[in-house]
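Take this structure first; my questions come after.
Naming follows writing order (A, B, C, D and E), and every chain is counted from residue 1.
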Amino acid sequence: MNTTSSKIGLPPGTLVHVGTQWSDEVKISVTDYTPTTIEEYQVNTIEEVFQLKEHTSVSWINIDGLHDTALITKLSEHFELDTLMMEDIINTQHRPKSEGFEDHEFITLKMLGLTADGKSIVEEQLSIILGKNWVISLQEKEGDIFHEFRVRVKDGKAKARKKGPDYLFYRLIDMVVDNYYHVTEHFGDTIEAMEESIIAHPDRRALIDIQQLNKKASQFRKAISPLREAILNLQKNESELLSEDTLRYIKDLMEHVVYINELIDHQKEMIGNLMDLYHSGVSYKMNQIMQLLTLVSTIFIPLTFIAGIYGMNFAYMPELQWHWGYFGVWGLMIAVAIVMVFYFKKKKWL
Amino acid sequence: MNTTSSKIGLPPGTLVHVGTQWSDEVKISVTDYTPTTIEEYQVNTIEEVFQLKEHTSVSWINIDGLHDTALITKLSEHFELDTLMMEDIINTQHRPKSEGFEDHEFITLKMLGLTADGKSIVEEQLSIILGKNWVISLQEKEGDIFHEFRVRVKDGKAKARKKGPDYLFYRLIDMVVDNYYHVTEHFGDTIEAMEESIIAHPDRRALIDIQQLNKKASQFRKAISPLREAILNLQKNESELLSEDTLRYIKDLMEHVVYINELIDHQKEMIGNLMDLYHSGVSYKMNQIMQLLTLVSTIFIPLTFIAGIYGMNFAYMPELQWHWGYFGVWGLMIAVAIVMVFYFKKKKWL
Amino acid sequence: MNTTSSKIGLPPGTLVHVGTQWSDEVKISVTDYTPTTIEEYQVNTIEEVFQLKEHTSVSWINIDGLHDTALITKLSEHFELDTLMMEDIINTQHRPKSEGFEDHEFITLKMLGLTADGKSIVEEQLSIILGKNWVISLQEKEGDIFHEFRVRVKDGKAKARKKGPDYLFYRLIDMVVDNYYHVTEHFGDTIEAMEESIIAHPDRRALIDIQQLNKKASQFRKAISPLREAILNLQKNESELLSEDTLRYIKDLMEHVVYINELIDHQKEMIGNLMDLYHSGVSYKMNQIMQLLTLVSTIFIPLTFIAGIYGMNFAYMPELQWHWGYFGVWGLMIAVAIVMVFYFKKKKWL
Amino acid sequence: MNTTSSKIGLPPGTLVHVGTQWSDEVKISVTDYTPTTIEEYQVNTIEEVFQLKEHTSVSWINIDGLHDTALITKLSEHFELDTLMMEDIINTQHRPKSEGFEDHEFITLKMLGLTADGKSIVEEQLSIILGKNWVISLQEKEGDIFHEFRVRVKDGKAKARKKGPDYLFYRLIDMVVDNYYHVTEHFGDTIEAMEESIIAHPDRRALIDIQQLNKKASQFRKAISPLREAILNLQKNESELLSEDTLRYIKDLMEHVVYINELIDHQKEMIGNLMDLYHSGVSYKMNQIMQLLTLVSTIFIPLTFIAGIYGMNFAYMPELQWHWGYFGVWGLMIAVAIVMVFYFKKKKWL
Amino acid sequence: MNTTSSKIGLPPGTLVHVGTQWSDEVKISVTDYTPTTIEEYQVNTIEEVFQLKEHTSVSWINIDGLHDTALITKLSEHFELDTLMMEDIINTQHRPKSEGFEDHEFITLKMLGLTADGKSIVEEQLSIILGKNWVISLQEKEGDIFHEFRVRVKDGKAKARKKGPDYLFYRLIDMVVDNYYHVTEHFGDTIEAMEESIIAHPDRRALIDIQQLNKKASQFRKAISPLREAILNLQKNESELLSEDTLRYIKDLMEHVVYINELIDHQKEMIGNLMDLYHSGVSYKMNQIMQLLTLVSTIFIPLTFIAGIYGMNFAYMPELQWHWGYFGVWGLMIAVAIVMVFYFKKKKWL
């Protein structure tokens, strides 16, 4: 969060990178294809991609690393991109949104994944710009969720090869949304595992785990709930860049986003249930311990009292002289204990 | 949930079956009727139903089993069905929705039932497509909720015989919705039974049962709440395939769906009440035990103290020599005990 | 609830009575009036009311008992009533709704009352159909909320005598709604009474009473909240059967319904407060008991320890031989007890 | 609440006074002014105000006491007021609303104040009718919130003197709304005072106070939340009686009402926090007491056991004969006590 | 809050300062610039700024201190400002709003900051009026959030120099909104710090801290949530004073405000989690103490009982005479203790 402050006080349209600086070097890779041809290469300077603006082939320019504002500025100028939009792109804490311009469409959203240990969610911002025959995608660091797709495009297997840049634009968003399912599945599995573990051992660790999960779910929801609006926006923009076919795909995508939102709400409810289960488990354990204490105390306190009676040193205590006195007292004690145990059994306290 | 992942990364319109593979074999049954004639038969290959597309009689093609994507693809091509729609059909985890196309109407919804032991809800997806003079229904495995209807159609008793395919389309949805009442009734009965049982014995088992019930109710709600929107959608589509008469029936159906949604909300509230009842029952029992402990402790602790006093071995303790000392101590003890019991009674702690 | 199942699987428009069968015999009573004349009588067969359809006087046909489906069918056919509407009428578990047809208006709502012992709410369905110059009201069993009104109509005192059938239609609804105030008053009084009783004695019985009340309030809300929509619907139907004057009355009625809905929401909130009060009362009582236990234990445990010390049998314990040893120990014990009591007082634990 | 029942069963438009009968006599006062002249007087019979209907000066007729239905009826007839509206006026339990008629505008709202001891909210209904050149205000009993205004009008200081009756109409509502701030301030102060008191002494009295406050806040909200709609209604009526200037003032008023609504929601949230604070305070105190019990018990129970050991009467117990045995046991006991106290300190339980 | 009352009862448009009187003297500073020239100076009397109304340069008049109503009145009259608007400006407890007039646009909002110790939020009202070529900003006391901007304007570095007064108007709002991020960051950091501290030591201090934080968050939300509406209003006003360019900036601002609102909702949820964590921490600690008590009691109570038995003074107690009796009893006691410890270990209570 701290990083946001660095921007406070500056005028709008000033390109200041907001976010963790992930990679040292900016990596620019280009995929340029037609149904029949394909070229893939990396470039070192942003100027090398400028000529792609006028190509008739579909050009996908992917930029990993947003901290080189000079580069971003050059890109923005050449492709005549909106300045405020560029600002949104390099502010990696921007909420998902889409915006339509005269000759380009823009969407920014969150790529969400789990860390290797599954303990936290990695959030990375992806911005995609769709132009006449090019798509520019910008992300904070080199990711791998597009790797498989890239291979398929190269092989010519991907449907994208036969379609225009708007389809590519859609597919990139689609792959990010598909990835959300991994997170919800992880949540689903974790909730199930926790449920069993909490029923077995409702210890304090469990509570902290539930809280962590709840926090992750909240973070997830915060990241994806504005996406609904963003995609709806795309549908309504009536941009000439999006073919009717692609709009149908986007409508389908919308349903996925709605579904994931419902799922996460459902999962938040389940996490709430876990909390109840935990609390009831803790109080159940406590109650059992208290019941034992009560049992032991309630049985032995009267017995100890009886023993105390006959420990008194009065000069004249007739029972003490009786031959069977000692055994009689034992009998009395045993009788009292049995009556109490029976009483407890009857009350279902044992 | 795991099964969804298998689809992640694939382009839209790729037919991949998502869901548990219920049956090994796909079963295709055909019911072809006019007001006066009826034919019922099963076919082995999907090609055998292709000629029905042009029949003027009402043809109901029911397909049990969605895992044979080749078959689904052929069907889709012959009947000129929408590709994305076919994808929704074989993704058995899709949320209920309806969609209108130029020459067919589509709805997908959940058939919900209880397992034999009543412990969990079985959810099966049903998709229904309405064409010019045919209805195609697709489900994951062979179900039996249409059995009785089928018999009535055969006997000629069913109203459906005299009506067009849109009525058949409506009736299939209607039977699914009618079935939801079984689930809400089960919930209603379970809630009532639990209430009594929790008042009698608020044990930990009860809590887990409440949680299970709550989970089932949430699952149920998740499955049926999007149906409202889906049916509303059907009403608004202004499809030529749906006669005005059938639209009235659909409006009536809508009311049922709204009512079931209200019912389930009401039941969720009741389940929340059960939880309160459980917690209060547990703490009531705990309080009773604690009260007993307090009573026994508070009465015997002072008595034991008195006994302890006269168990001391001081050389000069005048009371010890008194002839009635021992009995006097007994008297004192009994007096103390009586005073305390009275105090407790007065305070309503006994 | 069970009774709903009997309808599952049947086609729409099949008249099956859903609900408890209240009365054995169906009772049909007719009130036929003009500003100057009035006739009141009971008929045995439904056919006897058929001629009223064409009368120019206002005819109010009241039918008590809905289980005779043959009768209902005949009625429906003669008065050319909508079939699906008739189905709603005899399904006594239908939620309140109104619907407008070409030549009749329809509303179904719940008459709510308290049982004699005030412990539960009696819910009875009332359906009212307004035609050109007749009103048909159908209820499950003979009720008495219209009794006073009937007398006033007969006496000619009722405004209704000078007005058309739409005013009668409105008045019947209005009387049902007016009756709801009895229920909210009962709730208000019960809540107030409970509040005092819970402050005095927060026992388990109180909790069950709160839960019962909450359940009744939920049931009440479930029965009346759809009425808002139903009456709004009447207002918007722009039916020719409802005069502008009557529409103003219906608007006024709407305000009552809105007010009752707000009242019941307010009362639900108050019931929630009762629950808090109960829980706090229980834990207050518990805390008092625990405080006593702590007090007694904490004071006597050290004293008993001191007594135990001088009960030891060591050969050489100098204090035991001191002449004032015994009285010194008493002094010590009293001092310890006083210090502790003072400490507790200071801490405000006593 | 009971008073509502007296109206149940009567036809609409029957003027029956619903509410507490505050004053025995109805008091009618008239203020009749132009920018240059002013007359103030009281009248004994309603007929005396009838001539004001045609005056060109601004006439403000204020009626205190609503139980004289004959008077109200006469008023209504002469000023051609709507009958249902009159019914709303004398039903003092009506929710705030406004309504526009052809030649008069109507609003009914609640005057809210605190009783002298600040313990409860006094709610009094005020209805105001705006005609062509007159304003009629009706309240249950003689109030004093208009007193200062009346003086200022008389002195000619009030802006109202220079404006029309619509401004007077607005000012009356405005003064009622301004008065609401007193109540929210009282709530604010009470919440602050309670917060401190609960932190210091979370006793049962505090809880009942919180509940009372919460109840008052709910009542307040119930009384003012419909006012938003009522004032919005005034704005939308497009009545010719309200000048554009006055509408601006009413818009400003609207903002006040919205603000008060937000304030009360905020205060309800604060009251919820108080409840949490109370509960945590109670359990904190309880925990402290339990900790003491545990400390004392846990330290003395082992010591008492040791004393018990050496109180046994076995013939052969070597320690008893040791010369330093007694002092050794004392040493052991002190050591045990010290170890335990250290353990507790380390665990931060002391 | 108290200060509001002073206004109750006065007519609208009466300029009465509502709020704490921050500074004794009103400070008026002027910044008058064109792209090429700039003048900055302070004036002593309000009349000195009057000539700026007709300047073609951009004039920014900043007024610190709102209690001099005479000054405000003069300003209002000369610049032909709306009277009700002026009233909103000097009522420093007004909720954020914007309003459009024929020749000026108006917004009032809250500047929020933290006190030096970070314990409370300082809320100061800022009102900004945009005229044809001037901007008037009014605040309660001299603030410093515009300081840096002022320097940059002077240096000619600020974009504002090249733009019109509408851009200045936007920038002032923007700087206030940017400042909100400081508060949310403070909340974020505090929540994180508290979380760790509560896990370590859930003491009563923590609870009061959580409550304080929650209160601050509520206050913050109350101050900023109406801003959404206010800015939306600006966008919709279609004022000629705001250029299309500036409207784009305002749209961007809107997104920030929406984001901050979401953030604060998210943080409120997190604070709720802290509360849960606290409560669970407290009950965890309590449970541990109770477990210790139970352990010690349950182990020693039977042992003490055994010791009590052999402290009895019966004449005939065979064990007492056995040579190994004493050691045998020790053995028995140790055995009992070991068995109990094992039982507890097995039950995971130790």
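Keep in mind that, in the parts below, contacts are C-beta pairs under 8 Å (C-beta built on N, C-alpha and C of every residue); 3 or more make two chains touch, one makes a residue touch a chain.
None of the values given here were measured: they were computed from a predicted structure.
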For chain E, the least number of touch steps when starting out from chain C: 2
Fitted rotation between chain A and its twin chain C in degrees, CA, nearest 5: 145
Interchain centroid distance [CA atoms averaged], chain A/chain E, Å: 27
Centre-to-centre distance between chain E and chain B (centres being mean Cα positions), rounded to whole Å: 43
Per-residue overlap in chain E, given as positions that touch at least 2 other chains: 290, 293, 297, 301, 304, 308, 311-313, 317
Chain-level touch network, classified as line, ring, star, complete or other: ring
In the complex with chain A, residue positions of chain B that touch it: 1-2, 4-5, 7-9, 11-13, 84, 87, 94-95, 97, 201, 204, 207-208, 211, 214-215, 218, 222, 226, 275, 278-279, 282, 285-286, 288-290, 292-293, 296-297, 300-301, 303-304, 307-308, 310-313, 317, 319-323, 325-326, 329
Of all residues in chain E, those that touch chain A in their complex: 148-149, 158-160, 171, 174-175, 178-179, 181-182, 184-185, 188-189, 199, 248-249, 252, 255, 258-259, 262, 266, 269-270, 273, 276-277, 280, 283-284, 287, 290-291, 293-294, 297-298, 301-302, 304-305, 308-309, 311-317, 347-349
